[in-house]
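Just so it is clear, A, B, C, D, E, F, G and H label the chains in written order, and each chain counts residues from 1 on its own.
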Amino acid sequence: MDAPLTIAGEELGSRLLLGSGGFDRLDRFEAALAASGAEIVTVALRRVEDAPGGLYDVIRRAGARVLPNTAGCFTARDAVATAHLAREAFETDWVKLEVIGDRRTLLPDAVELLRAAEELVGEGFVVLAYTTDDPVLGRRLEDVGCAAVMPLGSPIGSGLGIRNPDAIELMRDAISVPLVLDAGIGTASDAALAMELGCDAVLAATAISRAREPERMATALRLAVEAGHAARRAGRTERVHHARASTSDAGLPDLTPSAG
Amino acid sequence: MRISLNGAERDLPDGATVAAAARLVGVAPDERGVAVAVEGAVVPKARWAETPIPDGARVEVVRATAGG
Amino acid sequence: MDAPLTIAGEELGSRLLLGSGGFDRLDRFEAALAASGAEIVTVALRRVEDAPGGLYDVIRRAGARVLPNTAGCFTARDAVATAHLAREAFETDWVKLEVIGDRRTLLPDAVELLRAAEELVGEGFVVLAYTTDDPVLGRRLEDVGCAAVMPLGSPIGSGLGIRNPDAIELMRDAISVPLVLDAGIGTASDAALAMELGCDAVLAATAISRAREPERMATALRLAVEAGHAARRAGRTERVHHARASTSDAGLPDLTPSAG
Amino acid sequence: MRISLNGAERDLPDGATVAAAARLVGVAPDERGVAVAVEGAVVPKARWAETPIPDGARVEVVRATAGG
Amino acid sequence: MDAPLTIAGEELGSRLLLGSGGFDRLDRFEAALAASGAEIVTVALRRVEDAPGGLYDVIRRAGARVLPNTAGCFTARDAVATAHLAREAFETDWVKLEVIGDRRTLLPDAVELLRAAEELVGEGFVVLAYTTDDPVLGRRLEDVGCAAVMPLGSPIGSGLGIRNPDAIELMRDAISVPLVLDAGIGTASDAALAMELGCDAVLAATAISRAREPERMATALRLAVEAGHAARRAGRTERVHHARASTSDAGLPDLTPSAG
Amino acid sequence: MDAPLTIAGEELGSRLLLGSGGFDRLDRFEAALAASGAEIVTVALRRVEDAPGGLYDVIRRAGARVLPNTAGCFTARDAVATAHLAREAFETDWVKLEVIGDRRTLLPDAVELLRAAEELVGEGFVVLAYTTDDPVLGRRLEDVGCAAVMPLGSPIGSGLGIRNPDAIELMRDAISVPLVLDAGIGTASDAALAMELGCDAVLAATAISRAREPERMATALRLAVEAGHAARRAGRTERVHHARASTSDAGLPDLTPSAG
Amino acid sequence: MRISLNGAERDLPDGATVAAAARLVGVAPDERGVAVAVEGAVVPKARWAETPIPDGARVEVVRATAGG
Amino acid sequence: MRISLNGAERDLPDGATVAAAARLVGVAPDERGVAVAVEGAVVPKARWAETPIPDGARVEVVRATAGG
């Protein structure tokens, strides 16, 4: 039997996490959430005038766990303050920790990230850390107590998939806590690949919310994550550089017509 | 007194509480999924009614929104 | 509603076809067939001394259609003769036409393939043609009346996946009959990708039979084909080369601590 | 007479039928999923019993086997 | 010593062939030709009203060999007739044989190509055949007597480089006559890769003529072809999936400061 | 005119740097150094019993600059101490700073690396920092005063080339000091690609020392670096997904034979 | 008579030669790098002057142009 | 006294200098491309002759070797 994904002692029924960003309508988000089967949904915190409301209720009604992020934070200090606010707002000590180092690529800043992670873990937070695909940094995040490490496949919202599969494999080798592929997933095969490389779960946002049909894409990603997970466990055939007959030549009949 | 409430300058009576400020942006104390920070520090909901806002303070009232 | 895959007027409930080659035991094949959900299974014809028997019955018992191949044939003449034998043996006029041009790579020979296809179509066969990923050749196969075109992703049994996704996309543009990715599938993400590129179905043999756990891999590929098909229909998000925030900066709170 | 039966030289009585050859390799006429070619041309099962094999002919008796 | 590239008995001093298409000015073409070092230049035949003249003289003045192509031909018959015209116009029996099967992708048509190749070889032409990256077709072209086989890396003018390096390697294994990578080269690394995969030469047109600075790109490709050829001959280091220290740890000093 | 590569105010005549590791004989190293044209050669410091001597003289005789590395250091403290030793031994304040975070992958540790870089820059060293392909970390290294940033293409000695070309391009956008592709180069096309992505130079060690013919591979890489640099400056043609005729159809003659 | 010369209908005197047609499109017999086809068949330059064009024929006069 | 010289325990006369230790591993003061650290700190070549090694110290004498 397959052990369920477990983060910080919590068993989860789905290996697909959903980002709530990018949907143009709340009902579309709700339909996509249902189709995805996700049990964890990320949200951001914004001033109430810019945050129309309703999102939190939709997620709770669906029985999913809210995972607040620290998107928009460029320093450990801001990220920590945002986590405090989120804990108060959502009564959760889980946080998806993002500390961004560059506005254009939205890539994480290793130094501030590690600092924030250490501080939040010290305060009792369950930290899921959004990080580069650097195995050494990932290992450091685990060492300071992160509950999950979330490497990017490619820049947030790019849809470029996993640009460096080798790096994800090296992360898998280096890290014991759950590895959640975050950022860059564009379509089903990307999600399947993430799981085949050894990730424990995948987070998708743009891939779903900006698909032509978000609900159907949510279904696609749910299936893809299951497919990739099963494939990883099934142990794939090795790659060989020439052909290997799937039909044996033994017993091939001689069907040459008679000479006459 | 004058405070910054979600980035806008607002005049409030001296001694106005966090609860009053929250009301100003349409947030009732029993709403779920909201939080308030004064000068970057969280004020727990249970203490909104009793916590006065210092003159000139930055107050942020936030809610869940769509995000990555 | 999604129209089912239809080959030569026959509606099929699954977009995964199973090759029967490479299994070490018949019961493992049977379990994998069930897990795959495949409704079409390829078989070869060999001298009875080299063909232990039982396979045909297992496939029929599972309610699947037998699709005889012409593996091992290097000339149109041999392939046609093999198709005749298969029609007699299995009471089917469907044939997966393989005419090989090179023993080491098992790549098809365009000229003999086209010749055999034309002849067999003329005799009333339903021809599913195993071909290179050449869109022009694929179109010619359609033009002579093939019921499906089956391009390779990479050499038979190599597990290298789809080496030239562009070519498969060009085939999709060029060809109206069902396109079935054949050869090269190694794992779930390969199958999902095939469907995303516009294939109507995927045939897997080695990927399943030589996985460490064939039955589980059959499940994985079944899910992956569904995932890729759904993703294709959902219309993926476009690729962009820098990040695109999935969380808006509008309404970002200012959490700077007081200077005092 | 001498025929080639699935690649092996075999002696059969003159006028032996396809059915007889099939029997020699363990195939009964009612088995499903088998076929016979004589000199590369199919002999339908319904005619096995009545079709004599020419002397020196190549006879192939095939069955479904695992394949790509 | 390195044996020079030899096509149909003719020794050539350069492994870069230049296509003359796409230049906006004849003097730019001339400068690029000089910088490229190419000794073979392809040209097309067009009605004189659409062919401004001067090109042929520029090529001859540079001492390069004119290689007429059959671009625009969709049938063996047209290609053969074009070759006849070219032989008359340029007093050469060399021809770059193109028989196109699809207007949008400009991919070759295997059947007509092979037919034209066989006919032209029979008439004494030196045929350099533009083909797909299909090793079996390439071998057939060699078998009918082509002097060189010219597989595409990607569609003509696409600049997509070599989409299927495995296929080019398989062609190298299958074919004894010179292998010239034609079509798809976009920049220097593509040309180097072609040579590393075992090609004997590279033909570039769009890569040079549509570069911002054609002359400089001609230099770049000349160097890249030399680089790739040298690298192939030098025998590259193998690929390993983890690190392999280039600095040994043996004798690593212990530089820990004293505890005191 | 092309401005020469300038590091810390020093103009260099070559954009290829040579690592001295992995050669089996000193004379082979010397021949490769000459063929490479490199003006900078990395060396390590080891206990004299394990360091046979002669290397330093060969490099000086060739007129090249010695660039000591800190290979084998896992902490900022060790790296700084090693840099001190190197300054004394080679009378240079240049140092290739390596601080490794994982013994198996030899990937750098972002935190210790940054710490060491800051300290060494403060002491007046000219620091060339070996780093991951993380643009944010690269920018931080520049910000603390590194004279060059040296991202890896793939793990040291792996020969896997540049696994994430996008990341190198993002580094180029983010960083103003010279960018030197270090680690992972396997062959000529890898080096050309590095330059095309915007690197200012390439360092090669294993690619040369473990080639079958190191001297010839040194030549290949020298040419490839020049080729890639020229190609970058020439401005490559854009990539398009379908064909773009390099021969116009305008004026195509009608060569249909007469009906009669 | 009327011929098709490089795709355009042209009137020529009966018995006009290939050389005359070539001249019409500005090509002299001593120009290098040109060729002529009548009804798809090459007419060698040495025979331009002596080869009459049949009525209604398609004549193509071609030259080297930039190409792939 | 006993020191650790390039990882090996060595007995030296009390007050032995860095120069002496270097000599023990075959390094003369005029050799180029070598350096010495005592307890992790560099001793400049100009001071080898005058710098005594403390009892129990770790001495490292290094030279350029092939490296990445």
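Please note the rule applied: contacts are C-beta pairs under 8 Å (C-beta built on N, C-alpha and C of every residue); 3 or more make two chains touch, one makes a residue touch a chain.
What you are looking at is a predicted structure, and each value in this text was computed from that prediction instead of being measured.
Engineer: Moving only to chains each one touches, count the minimum steps from subunit B until you reach subunit E.
Structural biologist: 2
Engineer: I need the pair from F-G, F-H or B-C whose contacts repeat those of A-B. Over half of the residue-number contact pairs should coincide.
Structural biologist: Comparing residue numbers across F-G, F-H or B-C, the repeat of A-B turns out to be F-H.
Engineer: As a test of understanding: of all chains, whose mean C-alpha position lies farthest from that of subunit F?
Structural biologist: Between subunit F and the rest, the longest centre separation is with D.
Engineer: Between subunit C and subunit H, what is the separation of their C-alpha centroids in Å?
Structural biologist: Roughly 69 Å, centre to centre.
Engineer: Taking each chain's centre as the mean position of its Cα atoms, how many Å separate subunit A from subunit D?
Structural biologist: Here the centre of subunit D sits 60 Å away from the centre of subunit A.
Engineer: So how far apart, in whole Å, are subunit A and subunit F when each is placed at the average of its C-alpha atoms?
Structural biologist: Roughly 33 Å, centre to centre.
Engineer: If a residue has to touch 2 or more other chains to count, which residues of subunit D qualify?
Structural biologist: Answer for subunit D, listing residues that touch two or more other chains: 6-7, 37, 40-41, 60, 62, 65-68.
Engineer: Which subunit E residues reach two or more other chains?
Structural biologist: Those would be 19, 21-22, 44-51, 69, 71, 81, 85, 104-105, 107, 156, 160, 166, 205, 241, 245-248, 251, 253, 255-257.
Engineer: Under the touch definition given earlier, write down the residues of subunit C that touch subunit D in their complex.
Structural biologist: 19-23, 29, 42-53, 55-57, 59-60, 66, 68-69, 71, 81, 84-90, 98, 156-157, 183, 205
Engineer: Help me check something: in the complex, which residues belonging to subunit H touch subunit F?
Structural biologist: Listed in rising order, the residues of subunit H that touch subunit F are 6-7, 25-27, 32-37, 40-42, 44-45, 60-68.
Engineer: What part of subunit F is in contact with subunit E in the complex they form?
Structural biologist: Subunit F residues touching subunit E: 19, 21-22, 44-51, 69, 71-72, 77-78, 81-82, 85, 104-107, 155-160, 186-193, 195-196, 205-207, 209-214, 216-217, 219-224, 226-231, 233-253, 255-257.
Engineer: Which stretch or stretches of subunit C touch subunit E in the complex?
Structural biologist: Counting only subunit C, the residues touching subunit E are 101-102, 104-105, 107-111, 114, 132, 134-137, 139-140, 154, 160, 163-164, 166-167, 170, 173-174.
Engineer: Given the complex with subunit F, which residues does subunit G contribute to the contact?
Structural biologist: Touch list, subunit G to subunit F: 4, 6-7, 37, 39-41, 57-58, 60, 62, 65-68.
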